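Below: a set of structures, written as structure tokens.
Presented sequentially are two complexes of chain A, the first with chain B as partner and the second with chain C.
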Partner chain A sequence: MDVVVCVKRVPDASGMDALVIDASRKDIERRTLVAKINDWDEYALEAAAQLKEKAGVSLTAVTVGPDEWDDVLRRALAMGADRAIRVDEDMLAADCHAVSTVLAALVRTLPHDLVLFGAQSEDFGSGQLGVMVAEMLGIPHAALVVSLEVGEGSVRVDRELEAGALESYAIELPALLTIQTGVNRPRYISVGGIRRAMKKDLQIMSVSELGLTAEMLAPQAVLERLETPPRGKEAELISGPPEETAERLVGILRNAGIL
Partner chain B sequence: MREILVVAEHRKQKVADISVQMLGKGRQLAGQAGADLVAVTIGTDVAGYARELSRYADRVLTAEVSGMQEPLAEPSQRVLSSIIRDRKPFLVLIGHSSFGMDLAPALAVELEVPLVTDCVDVSLEEDGLRAVRPVYNGKMNAVYSFALAQTVIVTGRVGEFPVGEGDRRGEFQEVSLPFGPLDYKRFEGYTEQEAAGVDITEANVLVSVGRGIKDRASIELAERLADALGGVVACSRPVVDYGWLPADRQVGLSGKTVKPKLYLALGISGAFQHVVGMRGANMIVAVNRDPGAPIFGIADYGIVDDILRVIPVLTEKVTGLRS
Partner chain C sequence: MTLADYKYADMIHRCFRCGYCKFPVNWMDVNSCPAYARFRMETYSCGGRLWLTRAWLSDEIEWTEHLAQILYTCTACKNCEEKCPLSFNVDILNMIVAAKAEMVERGLVPSAVKEFLENIERHGNPYGTARARRGEWTEGSEIEQYQGQEFLYYVGCVGSYDTRAQETARTLGRVLTRSGVSFGVLGSEENCDGNEVNTLGEEALFEMLAEDNVRKFKELGVTRVVALSPHSYNAMKNEYPRFDGTFTSFHYTQLLRDLIIGEKLDVSGGFSASVTYHDPCFLGRWNGEYEAPRRVLRSIPGVELVEMEKNRAGALCCGGGGGNFYTDFLGGSESSPARTRVREASATGASVLAVACPNCMTMLEDAVKAEGLEDSLAVKDVAEIVAAACGTA
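This part shows the complex of A and B:
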């Protein structure tokens, strides 16, 4: 069985640095931010790696981005991918439709029984790519998958709904699933594992090799600008060492009748 | 007449809140554009949903599909692509729910129309529609326009749009689109989370921990604080994902909605998916190392610090007061 996992590199925006809009007004200053693999994609890779532990699975990791994106493919290789392919195209300014067009064109060239995506990205979080690629490939999909079980020619999945509810499907392969966090516990990757993955070859392709033109990749939804969102009423900040902040908080809770 | 189409979703035998909110936004834009607001309900026995929708829409399209009690993405896509090709609404509004996430991207590709998901605002400007969506976990907003598109699909975030008056009497129109069951994708059932041990929705005080708790062992620190405060421990999604607490402790969109007297958010960044489940609390106190964490935008009181430093001291103070 051939499994393809699509992965993305994202800036780690969860840190303490305030995000700053750059001169283009369409992106943030990335220089100060550490890059990492998208959280959701790590769960998708782990799901694929667990399938691979059963016999006869070949796992390919793919991405679209400039050469520094190789590091997320190295990580994929360290997690168990047999091969990794990067389409060399900076698509930060592209819309989801354009990125999906590239990924669908790439996956079409690969044997694929099961295609896995993270359900969304940490940075833009549109949650569109996987489902768009499925439609472009003409294969069935399920988004927000929290459990999957591959059988003979089909996959059984639970999709996450609201408030802890689930819906279950049996889907014929080939199929595409977008994976929700918590579906598994992604394995720990050691520095040695990454180092061994550095020795493996990555395959680099261009969009023109995939038969795609600039016209086909024109955005349908045009990003005009980024803005700093208005925040609601800000919290009243209590500052000082823990001794003081805890003391003051206890006072506030007493006044509110909670203590 | 120009139209705005709202795709209605139902759960537990009623129209979902998110769909009523989409109708609220749709009504406002329809008024501005001089357009009709059209709702569509798809599934088995949808007449009841249609009646509810007719209070908000000028027209309700009903598409009866046999064997579809729950809203399912792929059969809905077949119905919707046909309706949208036929009626050419300039805007299609869908809730950014699990159903919407499963449906909208495929529908947009099939129809070759632009899509922006998880929007918190949609407006009609002189040169066309604008959609605004949060990015970078709510630290930024992205503003989108649409070049010469005849139809635009937008999915909207729950709780961000006003609910309309509900005083209309829209007309009904049946849509007949017969198609067979999907043999390649079989719906096998809908299950709700079973009620288990602690019911966090009943607690007056919730000590809720997020990623900032760092490891499983530190959960115990939060439990001691909760004991001292007479409350229980809840959490945000990552803590369940890591297996540190069971799923029935999770607050948020995919977990529980809670309204305690005190919600103590410890090491929780304040992602929308979490906030939507706790913003109804009487008092919210947040402790987080990141002064830019969105949680401080909704908390009443905030402490910028490492929770592992604050929790033990706070526990000691509360215990001291009680004894």
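This part shows the complex of A and C:
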């Protein structure tokens, strides 16, 4: 069985108090942020790595980005990917349609029984990419998958709905799933493992090699600006001795109908 | 890796679980392995961990998150090494660290350990706070950036980011300035020392950190390092030489001792209190330094130094080593080592529990609050007591 996992490199903003919108008003200030693999994609990779451990799965990790994005593919290789391909194109400012056009064109060139995406990205978070690629490939999909079990020619999945409800499907392969966090527990990737992955081949392709033209990648949605939300009501900081602050907090929670 | 490939394959079976690893030096109880004292199960003692490791590597038991947690509750305090009567005792902790290293290689570490290591790899500290903020603790102080001064004052992750430990870091800076010591810090250029990474079994990440620090220190021409944390001191003194780190390392209590003896630090202002001193594992058992902090405290007029029953090589660990100050596998109980330790401190009648490690500071101060001892027992760093005695508090 052939599994393809699409991964993305995102800025890790966890160490900062706040994100800063840059001068273009169309992106955040990235210079002070370190990069990492998109959280959701790590779960997708772990799901694929676990499938590989169970049975004869060939696992390919793919991404679209400039050369510094190789590091997320190295991580994928260290997690168990047999092959990694990067389409060398900076598409940070591109819309989901353009990126999914590239990914669909790439996946079409690869054997694929199961295509996995993270359910969304940590930066722009549209949650559209996987679903759009499935439509372009003309294969069934399920989004927000919280469990999966591959059978003969099909995959059984649970999707997460509101209030913890689950929706279960049996989907014929080939299929595309977007993976929700919590579906598994992604393994730790040691620095030694990443170093060993540095020795593995990483294939680079261009959009033209995929037969794509600038017209085909023309944006359908244009980002106009980013802005921080307007400041809401000021938070109340309760200070004083614990017995007084606790009493005050209980009062607030009672008045709000929470207690 | 199978048992046959394990570095200690010809040795690990020799532990027959005599149980000595749980005792303190004076045999007063069986509570000196912090994890055993917390959970009261043989599996959490060093001997138990060795048996579990052997069973895991022989495929007699499967890996589980619980198995990993049992191994990672080890604080690397070395009480077991101190007490193990057998000839291989110098390697019993190494055997646990090697088992952790195998878990790291297989990606099978507990989630909290994964987070700890990933944060250090990305941000240079376990908290995941930005590198750019590492130097914020110096704001408002007169502490200078290192530019060839006699000493590099290396603060470490806890001193750089933990609010309480930052106070200690600034206080020590004032004491060093008062003593006329020429020193500077790296601020946001400082990186994690890697000591905990090493005890967690992430060898390649430790190498990366050690190489980065050694390269940086060489570029800056550093010849002497004074460390706030015994963890940093241990890594730099004992591990960095294999990465060609040729500078001389001091724990700050050793420098303060020398300054007091050399009459460069005047502590005649005194500090009137009954003080009990808690030996940090990475200063005491790991590096045999029991006297420098005591010498500093005894030299301060008004300090009445009283010892806890468990002291020096028999001291009970605060429970923060081996990354546990962050992963907190030993917390959440009155049997947590930090809470046990502050009860032992309180039993001496001392009003001040002196520490010489920012990890111990955060662990024990939290424990004092959990035990409701805030009115009778204050946790102070040795540097803070010195600062009070020399008028720079």
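By definition in this document, the second predicted complex is superposed on the first by the 235 of 259 C-alpha atoms of A that agree within 3 Å, B and C clash if a C-alpha of one lies under 4 Å from a C-alpha of the other, contacts with A are read in each partner's own complex, and residues count from 1 in each chain.
Keep this in mind: contacts are C-beta pairs under 8 Å (C-beta built on N, C-alpha and C of every residue); 3 or more make two chains touch, one makes a residue touch a chain.
Here the structure is a predicted model, which means the values were calculated and not measured.
> Once the structures are superposed on A, label A:I204 by its partner contacts, choosing first (chain B), second (chain C), both or neither.
In the superposition, A:I204 contacts neither chain B nor chain C.
> Under the stated touch criterion, which partner chain does A:I252 make contact with: chain B (first), chain C (second), both, or neither?
first
> Could you let me know whether more residues of chain A are touched by chain B or by chain C?
With both complexes superposed on chain A, more residues of chain A are touched by B.
> First (chain B), second (chain C), both or neither: which does A:T32 touch?
Second partner only, chain C.
> Just to be sure I read the superposition right, which of the two partners does A:P242 touch: chain B = first, chain C = second, or both, or neither?
first
> Quick one: classify A:E172 as touching chain B (first), chain C (second), both or neither.
Touch status of A:E172: first partner only.
> Look at A:D12 in the shared chain and tell me whether it touches chain B only, chain C only, both, or neither; answer first, second, both or neither.
second
> Looking at A:A93 after the superposition, I want to know if it touches chain B, chain C, both of them or none. Which is it: first, second, both, neither?
Neither partner.
> Looking at the overlay, what does A:G192 touch: chain B (first), chain C (second), both, or neither?
In the superposition, A:G192 contacts chain C only.
> Of the residues on chain A, which ones does chain B touch that chain C also touches?
Comparing the two interfaces on chain A, one with chain B and one with chain C, the shared residues are 14-16, 185.
> Where on chain A is chain C touching in the complex?
12, 14-16, 32-34, 36, 79, 185-193, 195
> Show me the residue ranges of chain A that touch chain B in the complex, using the header's touch definition.
13-19, 21, 28, 95-97, 100, 119, 122-132, 134-136, 140-144, 156, 159-172, 175, 181-182, 185, 219-229, 231-239, 242-243, 245-247, 249-250, 252-254, 256, 258-259
> Which part of chain B faces chain A closely enough to touch in the complex?
So the residues of chain B touching chain A come out as 11, 70, 72-74, 97-99, 101-102, 104-106, 108-110, 113-118, 130-147, 149, 152, 182-193, 204-205, 211, 229, 237-238, 240-243, 247-248, 250, 253-257, 261-262, 269, 283-286, 289-292, 294, 296-305, 309-310, 313-314, 316-318, 321-322.
> Which of the residues in chain C come into contact with chain A in the complex?
Within the complex, chain C contacts chain A at residues 65, 104-109, 111, 113-114, 117-118, 121-123, 127-133, 202-205, 207-208.
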